[in-house]
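We call the chains A, B and C, going by the order they appear; numbering starts again at 1 in every chain.
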Amino acid sequence: MISKKTVVSGTLLILFDIFAYNVGLYIKELSSSPYKARYPASLLSLSIEHILMVTVATLFSVIVGVLLGVIATRKWGNDFLYPINLIASVSQSFPPVAVLAIAVPIVGFGSKPILIALFAYGLFPIIQNTIAGIKSIEPSIKEASIGMGMGATDILVKVELPLAAGTILAGVKTTTIINIGVAAVGAVVGAGGLGAPMISGLIDENQFYIAYASIAIAFLSIFMDSLLTDLETIVTIGSSRKSQSRS
Amino acid sequence: MIKLDNVSKSYNQTRVIDCISLEILKGELFVIIGPSGSGKTTLLKMINKMIQPTTGKIYIDGVDISSIKGELLRRRIGYVIQDIGLLPHMSVKENVSIVPKLLKMNKKKIEEKVVRILDMVGLDPSIYLNKYPSQLSGGQAQRVGIARALAADAQVLLMDEPFGALDPITKSHLQNQISRIHKKLNKTIVFVTHDIDEAIKIASRIAVIKDGRLVQVDTPKNILSKPKNEFIVSFLGSDRALKKLSRLYVKDFMHKADRINLAGKDLGYLTDAVTKNYIWITNENDILKGWADLSDSDQDNKRQVSYIEVDYKMFAAGVDETLKDTVSKMLWHSSKVLPVCKEDGKLIGEIDLADIITKT
Amino acid sequence: MPIVEFVFIGINLYAFRFLSYYPNRIAANKPVFLSNISPIFFLVLEISVLVAIFINGFVTKSNLVKIFNLLFCFAFVNLLIYISAEYAQKVYIENHIARVSLSFGFWLSEFFIYLILLDSLKNMNGFWKNLVISVFFVTIFIFLFSGFLNNIDIVREYYERKNQFARELYMHIWLSLGSVVAALLLALPLGLLAYRKRRISEKIFAVLNVIQTIPSIAMFGILMVPLSYLSSRSQFLARLGVAGIGYAPAIIALVLYAMLPITRNIYTGLKNVPSHLRQASIGMGMNNNQLLFRVEIPLGITEILTGIRISLIQTIGNTALAALIGAGGLGVFIFQGLGESSNSLILLGVLPLIVMAIVADILMQIIISLFAGKSYDKTG
């Protein structure tokens, strides 16, 4: 269920968060570097802050994104399907940074524009994947469900969403990973998280800060990617139940 | 029980169903048949309101269905489609339980019912209850589809080319199964197919549709004997005479058979005792052992006798056998007459090709 | 159905600020609504939006509707630009220090026009499509070069930094293109290896996937430390300009990221060659290399080129971040703009970036279609 990769990367992340400064201080002594080797905030708190930013934004993206994706695939919402799909695919060709760059002038500085940028940009992979997931369900399944007398809500909740869940989760995974990166860049406009030591390090040319931030972000993204892949596997197996037939 | 009153359906400017009126009686297995694109699926789907008629009314048990909410109507009608449509993320048990759960039936009762129904469609519940659709073969999956349609005790079953995607052997088994279920549960079944043999095999009555219009509605026997026009004749196929034979049975065409027990006698005895050209030979238990051929004479016009031993299992016709199978046997054995035996071999009559030709 | 977009445009023009007015560099900006600038224009535009909605909703001849929409887009785009430029010019005459910049309402309307445009171009054949797009771009360039737009903030920023812009644009193209080419050279043998030895392919893709998972900014950071250490130890490297910051970590990271789409598509492109063709070729007596060069690569070329296309677009986006570590590129303007809270500067970086991505996409699609014609679809 939970794969080796998830456990290993998670453990590495926590270990790094706890011991990085110690190692850094040791290296500082050895190399007699003039730079500060201990950042004012603990890596653990920064990691948690980062995870929180990403999780909150992604959660909202999921709620709104799945909603919009579902609307786009309803018969009555069909008019919206094309524009929504179009906006989604066009936006995917915007580099993520651009979204941040556009959100700031509108909303201002601090954590808020980051959350909004993360939310907005993360919306599109989720919308696209929700639409793709629902559309990939075999039409005979939907026809049988209608023919049985299942109501529209029942069909959505008991058939369409469970069967599309794997694809939707793949979209959530994409969003989350992109968001981790954008949130890091967000430090440029004052957001917290692991981007803070990175940007600070870039400004002062402090190798320690840069190293702490990069390695922590790397572990974090590998961990979250692996965790979500595990989730995706669980959900997909749950909905199609072992493609190896025993009959 | 189901009445279609002047029903039409148009899409944009095309008329797909053109003023069809028909009545399906309670307990019938009513087959709708026609070439592809004739509108038969559209007609079927109007009965459970998956398609709305453009004009006309549909009544089920006297009630105009336009006044009933679609999804509520469909919970009371079983629906089986060619691609089956089992929900892949649910087990067989969960799939079959869907409509009973929607109808808020008692959980215990649902469980018992699922077991009973799986048995009725020929699936061993102990094996199949917890299997998933991906683990089933086509035939097994469609049996589950039928079980699902029966689960809510619907009085009406709609079936849209349900066996179209199955191999011939499975198809035949399932046709027999549905006939059995029909007789046992006395459901009204509306069955769409393009396979005329299937229709003739199982139908109580057949409705032939072409280009959205009703051509003929009648029993299989009548359609075969009295096809209304050229189209039906060609639709039935050039072997329609043989098709007719598939709904007629030996027991209605056989007559008494003369026989002799040869115990303790020799063949010569027969030339005097028997005037016909042949006679069946049985043992003391009246079981068929062979037949004696007395059709030959020698130069002096004295009758010759030869004895041919037969295995009744291969040679004799069964009482419930279709005439089609009997004629096939006659051809196989190059014989215009066949004995009719019970399962244990007891000779109970004979059947003559001449009778089949003149009386059908 | 573009009706939705039209409705949004209509709402947009009324509700959101169209331009922003900055009395001077320090003071807060004032929102300027379309209705403020010229009530007449505003009414004309809103009425034409209503007309457009009506036509899209009730006229059944789809070709006429499409042509109408195209003309509408063309007129609208140019009108909006014209109104903004005119207003900016007026403001400039009254007050030399004040600035006018294009704001949310303007950009959002243009975005919806873009969507309507895409919708109208949907079923057109390639030649007409490209013609229409070219016409749009040409008119905008005419506007630009005529100097009429010079008083709009973003254009002014450009003129103030013309040389720097050219430099960074060139750097961006250099970095993106160079990285993709380098990645291609590395990915070709790697992809072939993955294809030939399936067991290694798992490991190769596992590594590439991990790399892809790491956000680019972290990758830059991870490369910076060892590179700065190396360059401090090696005169040779230092002379080349290799350092902890600058183009070195940027290119290495960009190349690493660019490799996955290309490698993956080489692998799947070759793998998806129908096996009966492979059997036939081997049966004819081809050896592995002949099979590769005469059968597998020609048949898989579309997929491989698509991988390069994906890689290129991704890399153009990734390069924007390279500015953070001193490598230059259009990202310089984005981050400078973020730092100075100057929207125009940000857009000076973002807009060319998006245009570059679109142009690269179109160019790659043209290249792919050149090869697709020969893709031997009818293999029977």
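Assume a residue touches a chain if its C-beta (ideal position, glycine included) is under 8 Å from a C-beta of that chain, and two chains touch if they have at least 3 such contacts.
Everything numeric here is computed off the predicted structure, so don't read it as measured data.
Novice: Weigh A-B against A-C on C-beta contact pairs and write down the one with more.
Specialist: Greater number of contacting C-beta pairs: A-C.
Novice: Compare the CA centroid of subunit A with every other chain's and tell me the farthest one.
Specialist: Of all chains, B has its centre farthest from that of subunit A.
Novice: Please identify the chain lying most centrally, where each chain is represented by the average of its Cα atoms.
Specialist: When every chain is reduced to its C-alpha mean, the one closest to the whole-protein mean is A.
Novice: Return the distance between the CA-based centres of subunit B and subunit C, expressed in whole Å.
Specialist: Chain centres of subunit B and subunit C, defined by C-alpha means, are spaced 65 Å apart.
Novice: Using mean C-alpha positions as chain centres, tell me how far subunit A is from subunit B in Å, no decimals.
Specialist: Between these chains, centre-to-centre, one finds 58 Å.
Novice: Roughly how far is subunit A from subunit C, centre to centre by C-alpha average, rounded to an integer in Å?
Specialist: Centres of subunit A and subunit C (C-alpha means) sit 22 Å apart.
Novice: Quick check: in the complex, which residue numbers of subunit B touch subunit A?
Specialist: For this pair, the touching residues of subunit B are 48, 50, 71-77, 79, 81-89, 91, 98-99, 102, 131-137, 140, 145, 148, 158.
Novice: Under the touch definition given earlier, write down the residues of subunit A that touch subunit C in their complex.
Specialist: 79-80, 82-83, 86-87, 90, 93-98, 100-102, 104-106, 109, 177-178, 180-182, 184-185, 188-189, 195, 198-199, 201-202, 205, 207, 210-211, 213-215, 217-218, 221-222, 225
Novice: Looking at the complex, which residues from subunit A come into contact with subunit B?
Specialist: Interface residues on subunit A, with respect to subunit B: 138-152, 154, 158-159, 162-163, 238-243, 245-247.
Novice: Would you mind writing out the residues of subunit C in touch with subunit A in their complex?
Specialist: The touching residues are 1-5, 104, 114-115, 118-119, 210, 213-222, 224-225, 228, 244-245, 313, 316-318, 320-321, 324-325, 331, 334-335, 337-339, 341, 343, 346, 349-350, 353-354, 357-358, 361.
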